[in-house]
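Below, each structure is written out as structure tokens.
Next come two complexes built around chain A: one with chain B, the other with chain C.
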Partner chain A sequence: MSSREPRFSLNKEDVRLGATCFAGALLLAVMTGPAGTPEQPLGAAKQAIFSSHVFGFLVFGALLASLSVFRRKVRMGEWHSRRETPRRSMRSVLGMRLATMGASWWLLAFVIAVLIALLLADYTGPYVANKFSVAQLMGQFHNTRTYGYIVFVLWIVNSWRLRFSTREHRVHLPAFVKSVWFRVVASALAGFGFALCADPWLPERFSFSYFTFSGPSTHAFLSHLPTWLWSLGGLFLGARAVLADRKTSTKTNRLRARQFGVSTNTRFALYGVALFVAFEAPKFMSPFWQLAIFQQIGIFCFLAIGLNIVVGFAGLLDLGYVAFYALGAYVCAYFSGALPIHPPFILSPFLSIPFAILVCMLSGVLLGLPTLRLRGDYLAIVTLGFGEIIYVLATNLQSVTGGANGTGIIPSFTMNVPGIHFALNGQALSGDLNFYYLLLVIMIPVLLLFTSLNNSRVGRSWAAIREDEVAAASLGISGLKYKVMAFAIGASTSGVAGVLISVKSGVLFPSNFALQVSITVLVLVIFGGMGSITGVLIGSAVIGWILQFLLFHSFIDYQDADKYMYIGAMLILAMIFRPQGLWPSKRREREFHDAEGGLGSADAMSAPSDGSAA
Partner chain B sequence: MTNDLIFDVANVTLRFGGVTSLSGVNLQHRRGEILAVIGPNGAGKTSLFNSLTGVYSPQEGSITFNSASGASTSVIGVPPHKVARLGIGRTFQASRLFNALSTFENIKVGVEARQKTGPIGAMLTLPRTRREEQHSDEKALELLEFVGLAHRLNTPADSLPYGDRRRLEIARALGTNPEVLLLDEPAAGTNPSEKLQLAELIRKIAREKAVSVLLIEHDMRLVMSLAERLYVLNFGSVIAEGTPDEIRSNNKVIDAYLGSSDAGSALGSSDA
Partner chain C sequence: MSNYIAAGLFAGLIYSMVALGYTLVYGVLRLINFAHSEVLMSGAFGGYFFLHAFMKSNIASTPTRFILLFGAIVASGLVGAIVAFAVERFAYRPLRRRNAPKLTYLISAIGASYFLLNFAGKEWGRNPIEPPPVISAAVQWQVFGTHVNLYDLVLLMVTLVLFGIVNWIVVKSKMGRSIRAVAQDSETATLMGVNVNSTIAQTFAIGGFMGGIAGLFIGLAGIVDYNMGFTPALLAFTAAVLGGIGNIRGAMVGGVVLGLCMNVPLYWLQQPYYAPVIGFSILVLVLLVRPTGLFGESLGRSA
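Our next item is the complex of A and B:
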């Protein structure tokens, strides 16, 4: 047995990885802690650090750290003896043959699941001072959400087990489990379970009236909109899983499925969890954060996703991205009648979104056609110039834009067509969350669209052009066409963000659209990992969160104007410790390693090599 | 009516400032033929390929590409991606794969270069997109099997051994359904057994896929056994043209190669 045991030695990389996870957990703990007061900005942090709340996160951090170090070791192949594959060594590390485990395995898994579920339930619950104390944890048994989490964790543990078991030992499920109807119904029930977990109305949970339509509408589970939404979501996931399964029956699709690390179903389950958190978590936040997740984090996520198409997918350096943001905002202002020049017809901001997309797309194409023939550095300078031109025009063309004094008032989002009557501020939730949910509703389809774009012929062509434009041309791919395409798509995304922010701020000032915004969004993309949608989202969220956190607790007299200093510092740190970004795409990461090994050029900013090298 | 010359190169002269890479080159490539271009280093072989594929624009002369459909197109001045779409596939002297993409994806890029799905279709995954993707998957798999790389399906291109890289580049070019395939030193840097496999592959391409092949190669034994006809370039002009036997006994060619270090053996006559 001893020969099978892994040598336990940590190198610098492992320590770095572990420390990062741990520090992240600590940060999370402080950030989710109680709010500070103006008189005692640091008191809150102190209180947070010494509350039991923090220990839960520390345990979480330690677990996360050891897990990621462990995974890294196995991946790097450091942890397996000569004859064993990494997969086998995983089993020997756990000290048992998981695949053949029977009842004892399930008992262990169940205990783990219960513990994790308790932690999760406490974590996602409303803030209390003695979080993660034993009493508080035990109290979680009173919440339905805990049982939801138990099922969820068991399911994850089980899929994990299946992944690492050998093919012969795979559990054969009874036939009915594989039937379409079983899956769809089960997923709908799972969605229902999620709704139950997420329902903030705790006191009534175990009363009978909770599950009926009667009684005060806020108390009845079935009359909550989220209940239906989550159940529908579950239904959709189930249907999707069945369809995906059908698809994998063709040979090529099976082959393709192997290219992703996880199975389609797991991926979709993870999306479901992300969606769940995105929709439910904000309800527990303080008003400060409810505003911040739209205005300082959400919008920048959206901008970064758009710029990611240009920088990450197509590999073009665009320093004038803010110009399209401004264009979208001013188009919205124009059609709302908030500018000195008057439109032929007044449109509600909702209806001005298509116009903003159109204008930005057109200007993207017009700017792109002549400039995208240029090599990287020249393109950067031209786009920089374009950004400045728009900025100067917005400032100086007083008769058109209202100049530095700003525009008139831009009305809020309303919808007044037969059948749908909707006004954003008339809804039950507080005003800031409305914008957040609107952004979410716009962003989720955009994310899906962009993901399938990246996995399509178009995305592969972008990768090809980025890597070697000469080779791509030799196959018949027009570099210019795809670059202009990326430019236009990025621009229109930015335009939509512009409409949102113009409505949110109500009045536009040219100073909102300075060069720094372009740079910030570029940093977000680089920090998160160029070319990876998930990475860019994570990167923007992390940076946005840190900045808002500093502001919230007014650490070291932090003010909003200081943020560029911190952004710069974070970029430098990222370049030293993780130059490929927090969560790089696989393609980009490989390009990066190629570049380090001198095989190609991963630098999005450098010129593609020309034909003379052929 | 289809012209039986797939490439007709007449009097092509290409200059870079004071350097003349090609001077008055004439070359006829018959449809379905494996034709080779040989010559010492710096003779202008790659320049000729780049002129045929639109990368360089020769100052004088004409290059006509006759497609099987009967259309004749002048290639000079046409951008490379449009030339490629005429049905001209090529590989490069130093292999230029998309290194971060997998073997499978590299070929798919080639296949998909001929498809029509635009950004909207790709975003919404319309039925046509799905059909095209299915097609490119199948085609890519078939090509992987054709060149013998099916076991390397998910390997990133940058971690392939040299011989496999060469074959992948050929498969990628084949993905575009070319009528003619231009191979720039496909055997450079490969070992003898890989060379044999490669020669077999090139013959198979010409025979089974009915693709005309234009080949640059320094390995004389390989090229003499493979090519039906050869052109010999030296200092940018054609000094000889003919079947392998004719070339072996051509005095001008022997002189040109005597100028370089590996004279007779380079022509493969010593081992005969």
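Our next item is the complex of A and C:
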């Protein structure tokens, strides 16, 4: 810093940061404001903004703004060089204002201490409705604001991380987007949007009635307002994360961006946004979408990520996926005492999940071991047969499964591990929405697990087997072992899905487990893009939507059973025109391309070289 | 007991006709044709519509009945051949041109199967239809303590004749030579002037012809239904594996052995739905113990 620069200068960057923080302060002020009512939303908002809280608002705004300016000075290099330049004399030669810098450190520490104290006081103090408190944060996961906080924190953290890692700016955007005024306005709007969204006038728990467009009155629209603002804010967050990321073009980041499509920062922010949308959006959707998501897309996603392990990762064809789905469901029914034969001990459906996994995994191994030693297409037909056998047995073994008339009533899903008390048909939310959350809570760890599995030694082995099994064997990768592993993992995922569907439907009929389910799930995986978890989820959503759409708008003499005709046609067309799917994984796409050029195989259909020849 | 043996034998004949389609296609493409079950189904529908159109009354004279039966057999065979040809044309050939991985063939074939299955369901209803009784059930003979009716006799004769023809085609004719050449080494066959694409299409058509007729007989024995092909095709595949997939004579013997293995235990079990369970267990057992089947694989060697 040259000494010619004024003592306290505000440049455009400072203004922008200040505005952002100002908006953040507004958010905090409103969040801690008094509660409103649906009848008097604006009055309450006015109260919140212009009453006693205006003081807190001003103080917070000022504190955050000064904090941001100091942080900016950090980026300008002053504090950095203070650390790096040990000798006072050298620092004074460089023209650093030592006293200012020391003071700013102390101020920063003070601000942080005050914030912590505020939080602590809030946490330990008396409970006030609508007041920001950690207790509320932990206890009220139905509360929209919770996710508001989370996303807001993610946003701040992410942008700070980005700032610190920025080396040069290179933005590939229209000029007006780059202009500082655009950003100031956009940040302020976003901040204000979030402030409004963390609404003081919405009740603690949402109910659908607030978000149906039934009432002609103005407050119906006003109570919709937060929804729209939430969505806009989410969009803005996502866009901002992406733009900020492009700006960050350090060498490492550029490399990563090329390797994974987007960099870690963007993904971090996007995951936050996706999580938020996944938790919040279904509450506000129209009945059509709610039906589509709760009835179809949710369970589709779960089934598809399991089959993706077999078809996408390992490159095998499993046509009896529904058999394990049925097994899981009937294991759950067995242990909850809903079958004619009685178990030695009755378990809640939640506790029957491990048994379902065990049974499905064992039957997967038993079925896979003899078959996978041979050519891959034997697996397809053996699983096809297995699915049919399970179906036949479920229909005809009256004394064991209850036959075609269905099982007895399967009790509702309850989860009572320490700290979590969940009942599928509990109060507050409708059963369908509760099922959706149950699915989400189980699916997110599964997704994380499968992603890391694909990036682990196991996933690399699957890729090696897909690409060239002989070469993989020469490196000591046992084809049989990893194929059976993939098959068993897929089977047990399907089993868990079976448990979930059995508690959702309450009664099981063999007709729920016909072969069509396998084919439908296969289509989800193929259409979305085999081997890509994102793609598979997208495929499930799109197909789930199409099926529901066709059902609601029967314009071509469409009946529910006809969907399989379109599904079949879609499979052929997908294989001819786009075998890698809608949203392919980069590696899988390249494998298909290479295989067509005669390089590698892109599937695990040949007999493993360590098994017996066939 | 002899009832069960007879039932197994005649069911086995149908399985071997279907298994032939699997085996032929497997021989030339090294792929399982998942759409073969729908070839059966469409053959049955072809025969049914033929009979429906020409059989005016249930009390036709015996010579008329035989002509009608012959016509229905030819019609179902042709429909089966056309459907199999179409499957090859639309679900296999575009992929072969691109040299796609094996997984994509299987997926596209299962797609074709599902498309045809539900197309039939949509067009012709999802309720089972009873075909006109073209073969009188009244004519029966007593053989070794069991009743053999006219249907069984016709089935036996048709199967033997068709096996003879297919065997002759594959072993003696020029078409058969090119089929065997493609089965052994399709690239070399191309160099020798064999048109691989048309040979594969012919193979599908031959298998489809047999499959369609088998479908007609399944339909005549009971009902015609849009998903009637599934279980018999699965069991026929088991028969093909049992005899050694890719092996024509293996398919013929495998079908009969499978039919007997599935039906004779029912004498003790007394529950007909166990038959597919037994068949499936046989499939897993064969794959476990002797994956090459009873007679070994390879179309080129055995025929």
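The definition used in the following text is that the second predicted complex is superposed on the first by the 319 of 614 C-alpha atoms of A that agree within 3 Å, B and C clash if a C-alpha of one lies under 4 Å from a C-alpha of the other, contacts with A are read in each partner's own complex, and residues count from 1 in each chain.
In this section, a residue touches a chain if its C-beta (ideal position, glycine included) is under 8 Å from a C-beta of that chain, and two chains touch if they have at least 3 such contacts.
Nothing here was measured: the structure is a model prediction, and the numbers come from that model.
Contacts of A:Arg460 after superposition: chain B is touched, whereas chain C is not reached. Using the contact criterion defined above for the overlaid structures, shared-chain residue A:Arg587 touches chain B, although it does not reach chain C.
Applying the stated contact rule after C-alpha superposition, one finds that A:Gly568 touches chain C and leaves chain B untouched.
Contacts of A:Val382 after superposition: chain C is touched, whereas chain B is not reached. Using the contact criterion defined above for the overlaid structures, shared-chain residue A:Ile477 touches chain B, although it does not reach chain C.
Taken together, the two complexes place residues 614 of chain A in contact with chain B and also with chain C.
The part of chain C that touches chain A in the complex is made up of residues 31-32, 34, 90-91, 94-95, 98-108, 110-119, 121-122, 126, 230-231, 234, 237-238, 241, 271, 273, 276-277, 279-280, 283-284, 287-288, 291-292. Interface residues of chain A, counted against chain B in their complex, comprise 250-253, 255-256, 258-259, 449-450, 452-453, 456-461, 463-464, 467-468, 470-479, 485, 489, 586-588, 590-591, 593-594, 599-600, 611, 613-614. Remark: chain A residues 311, 315-317, 319, 367, 370-371, 373-374, 376-378, 380-382, 384-386, 388-389, 392-393, 395-396, 515, 519, 522, 526, 559, 561-562, 564-565, 567-572, 574-576, 579, 592, 595-598, 601-603, 605, 612, 614 touch chain C in the complex.
Residues 46, 49-50, 53, 55-56, 79-82, 84-85, 89-90, 92-94, 96-102, 104-105, 108-110, 112-115, 117-119, 122-125, 129, 132-134, 136-138, 141, 153-154, 156, 158, 172-173, 175-176, 184 of chain B are the ones that touch chain A when the two sit in their complex.
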